[in-house]
Structures are given as C-alpha cells and as structure tokens.
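Each in structure tokens, the structures are laid out below.
Look for chain A in each of the two complexes below; its partner is chain B in the first and chain C in the second.
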Partner chain A sequence: MDDLIVKTVTKLIIPFIQLYGIFVILHGHLSPGGGFAGGAIIGASFILLTLAFGIEYTKSILSAKVTERVEIGGVIWYIFIGLIGIAISGVFLGNRVAGFPMGTFGSVISGGMISLITIGIGLKVASTMISLFHHIIEED
Partner chain B sequence: MRYLNLILILFLIACAIAVERTKDLVSAIVIFASYSLVMAILWLILRAPDIAMTEAAIGAGVTTVLFIGVISRTRRMEK
Partner chain C sequence: MKNYLILITLTLLLIVLVSSLNEMPVMGDIASPAYNEVAEYYINNTQEDTNITNIISAIITDYRAFDTLGETTVLFTSITAVVSVLGFSIKDKKE
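On to the complex of A and B.
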C-alpha cells in the first residue's frame, strides 16, 4: 500500500496509540484494562505500522528475533515474580505475605507486585500479536 | 436506556445472521467488525468496561486485519 495520506496519518497517530497502551498497562490495577488490553493496543499499533509501511520496514525496527525474545522474557518475568512469592512466603504469586510494599491506595505505585506482573503480560501479548501477524502476512 | 438496549441487541442478531448468509467474505468481515463494535457497546452497558476495551481492540481491530490477511492468501468468494 503506497498512499501518502495513510502514511502521514500513521506517523501522526502511532505515538498516541502506544502512549495509550502504556497508560492502560501501568494503570492495570486501578482502572479498567490491564496487561491484556494494553498489550493488544500496543500490538495493534505495530500492525498499523506494517499495513502502512510494509513488512520490511517494521522488521527493520522490530525483527522476529526481538519479538521472540520479548515473548519468552514476559513469561519468564511472570514466573520469576511468582517464584519470589514461593521463596519468601511459600505461596505462588504471594503479594502482601511475601513483603511487597503496598503503597498508598489509589496511586500508581500501589498493590505490591501486581503492576510488575501486568508489565510482563503486556510485553507478552504485544509481541505475540506482532509475530502472529507477521507469520500470517509473510510471503514464503 | 431500555430501548437502546433493545435496538442494539436486534442489530446484533441481524449482524450475526448476515455474517452467515453473505457469500462475499470481505463483506462478511466488515459486518463481523460492526458486530464486534456493537458487542463492545453492550459490554459497556453491562458494566464490564475492561471487556469492552478488549473487545474493541481485538474484535473490531486485530481480528478484522487477520481475516483480511488470510483472505488475501486464499479466495474472496465463498463457493
């Protein structure tokens, strides 16, 4: 697709989409949304980039190797946080019993490790969505 | 509010039947995207805003793009 209007609008709108996705991920424990919804929004922004500029351009920014690594890293991060809970308190994903700081109610830094877990889920969902789309659209 | 709900649900049922009866798969995908959008509004009315957000991003956005990607590799018309 070689269209000036589509390319210009994509360049303008992608930072706002990604900022909104990061906002949804970081406020996962306070407002609607969370890791899955925010990760889906970030993944959709990269799909828009692929549709406007072609798969080669997106792969020069975010190669298949990087998306694979991020995908695996998100899962390992989740399990790692869960194992911290086991090591300290004996409960998988133990939050308050494992001594994570609770913070003040209603602020962004609160809820112990829930926001850390949400970041891992967001990375995993976003990279899965990107690599899934690239695998489908790729010419063989 | 009650009548809005009724109109949305009737539109949802009409969309679901139309998706099944359309022969042109690209039009079926567009109808399916509108189905997802109405479903997202209904989730919002049912007070599940996080599901509504996910439905609007996945159902109306990503699924449509994935289906169009698949159709571009296969046939457009249903036999």
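On to the complex of A and C.
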C-alpha cells in the first residue's frame, strides 16, 4: 500500500498506540487490562506499521530474530520468576512467601512479582502477534 | 450393520446428555455450586495476600499463575507450529 495519507496518519498515531499499550501493561495490577490486552495493543501497532509501510520496512526496525528471542524470553522469564519462588520459599510462583517487595497499596510499584509477570506476558503476546502476522503475510 | 450400531450408541449417548441438561442449575441461581466461598475469599483477602487493587489481575497472575503459565505456553506452541509449517516454505522460495 503506497498512500501518503495512510502513511502520515500512521506515523502520527503509532507512538500514542504504543504508549497506551505500555501504560496498560504497567498498570495491569491497578486498572482493567493487563499483559494480554496491552501486548495485543502493542502488537496491533506493529501490524498497522506493516500494513502502511510494507513488510520490509517493519523488518528493518524489528527483525524476525528479535521477535523470536523476545517470545522465547517471555516464557523463560515467567518460569524463572516461578523458580525464584521455589529457591526462596519452596512454592512455585510464590509471591509474598517468596519475599518479593510488596510496595505501597495502590501505587505502580506494588504487588511483588505480579507486575514482573505482566510485563513478561505483554512482551510475549506482542511478539507472538507480530511474528504470526509477518509469517502469514510473507506467504504471498 | 456397523453403521446402525454406531447410530444406536450415539442416540443413547444423546439421550443421556440431554436428560442431564435438566439437572443443570438455572442461570443466576443462587444455589448453584459455582457460587461458593472461593469468590468471597478472593474479595476479602486480595489486598492482604497480594497488595494490589485489581482482583482479576490477582487471580490470573497470583492465585492461578500456573494456569496463566499454561496459557503462555499455548501461545508459544501455536507460534512454533506456524513457523514450522510456514517458515520452511519461505526459506525454500528464497534459495
């Protein structure tokens, strides 16, 4: 698609979409949303970039190697946090018993491992959407 | 003969399933077994246990974090399957 209007609007709107996605992920333990929703928003912003500028341009920003590594890293990060719980308290994915800092109630830094897990899920979902879309669109 | 046997078995199974439909609790029934003390426990103890304001987030990433790990693994498995089916054909085309 080679349209000036679509390209200009995409350039203007993508930073706001990605900022909103990061907001939803980081506030997953305070407001509606969370890792799955925020990751889907970030993934959708990259899909919009692919639709407007073409797959070659998006791959020069975010190559398949990076999305694959982020995907594997998301799962490993999740399991790693669970293993920290086993090492400290003997409970897989333990939160308070594993000694994660609880923070003050209602602030962004609270809830121990919950926000860490939400970040992992968000990265995972975003990279899954991007690489799935790229693999399917490359078929043509 | 074999087809009739299959048909009869399936019909009997259908009768069993449909008859048990009547025993299901009505939607919104207060005596339904789904409304038990677990929901009350989540509402009363989320702040003490996890110190966060979003109870749903507490359920999916703390109380049932192992289930969410399975969900994440499902995503990982699906992308692995897609890449293993589509990825090779792309490589062949380029070479």
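Here is the rule we go by: the second predicted complex is superposed on the first by the 138 of 140 C-alpha atoms of A that agree within 3 Å, B and C clash if a C-alpha of one lies under 4 Å from a C-alpha of the other, contacts with A are read in each partner's own complex, and residues count from 1 in each chain.
Criterion: a residue touches a chain if its C-beta (ideal position, glycine included) is under 8 Å from a C-beta of that chain, and two chains touch if they have at least 3 such contacts.
No experiment lies behind these values; they were computed from the predicted model shown.
*Asks:* By the touch definition at the top of the document, which applies to A:Ile136: first (chain B), second (chain C), both, or neither?
*Replies:* both
*Asks:* Which touches a greater number of chain A residues, chain B or chain C?
*Replies:* C
*Asks:* If you stack the two complexes on chain A, which partner ends up touching A:Pro32: first (chain B), second (chain C), both, or neither?
*Replies:* In the superposed model, A:Pro32 contacts both chain B and chain C.
*Asks:* Does the superposition put A:Asn95 against chain B (first), chain C (second), both, or neither?
*Replies:* second
*Asks:* Would you sort A:Thr118 into first (chain B), second (chain C), both or neither based on which partner it touches?
*Replies:* After superposing on A, A:Thr118 lies in contact with chain C but is clear of chain B.
*Asks:* After lining up the shared chain so the two structures overlap, which partner does A:Leu51 touch, if you call chain B first and chain C second: first, second, both or neither?
*Replies:* A:Leu51: touches chain B, not chain C.
*Asks:* Is A:Ala40 touching the first partner chain B, the second partner chain C, both, or neither of them?
*Replies:* first
*Asks:* Which holds for A:Val24: it touches chain B only (first), chain C only (second), both, or neither?
*Replies:* It touches chain B, and chain C stays clear.
*Asks:* Overlap the chain B and chain C contact sets on chain A and report the shared residues.
*Replies:* Residues common to the chain A contacts of chain C and of chain B are 32, 34, 132, 136, listed in rising order.
*Asks:* Would you mind writing out the residues of chain B in touch with chain A in their complex?
*Replies:* Residue list for chain B touching chain A: 49-50, 52-54, 57-58, 61-62, 65-66, 69-70, 73.
*Asks:* Within their complex, state which residues of chain A touch chain C.
*Replies:* Within the complex, chain A contacts chain C at residues 28-32, 34-35, 71-72, 74-75, 78-79, 82, 92-93, 95-96, 102-103, 105-106, 110-114, 117-118, 120-121, 124-125, 128, 131-132, 135-136, 138-139.
*Asks:* Could you please specify the touching residues of chain C with respect to chain A in the complex?
*Replies:* Against chain A, the touching part of chain C is residues 47, 49-54, 56-58, 60-62, 65-66, 68-69, 72-73, 75-76, 78-79, 82-83, 86-87, 89-90.
*Asks:* Tell me, which parts of chain A touch chain B in their complex?
*Replies:* Interface residues on the chain A side: 24, 32-34, 36-37, 40-41, 43-44, 47, 51, 129, 132-133, 136-137.
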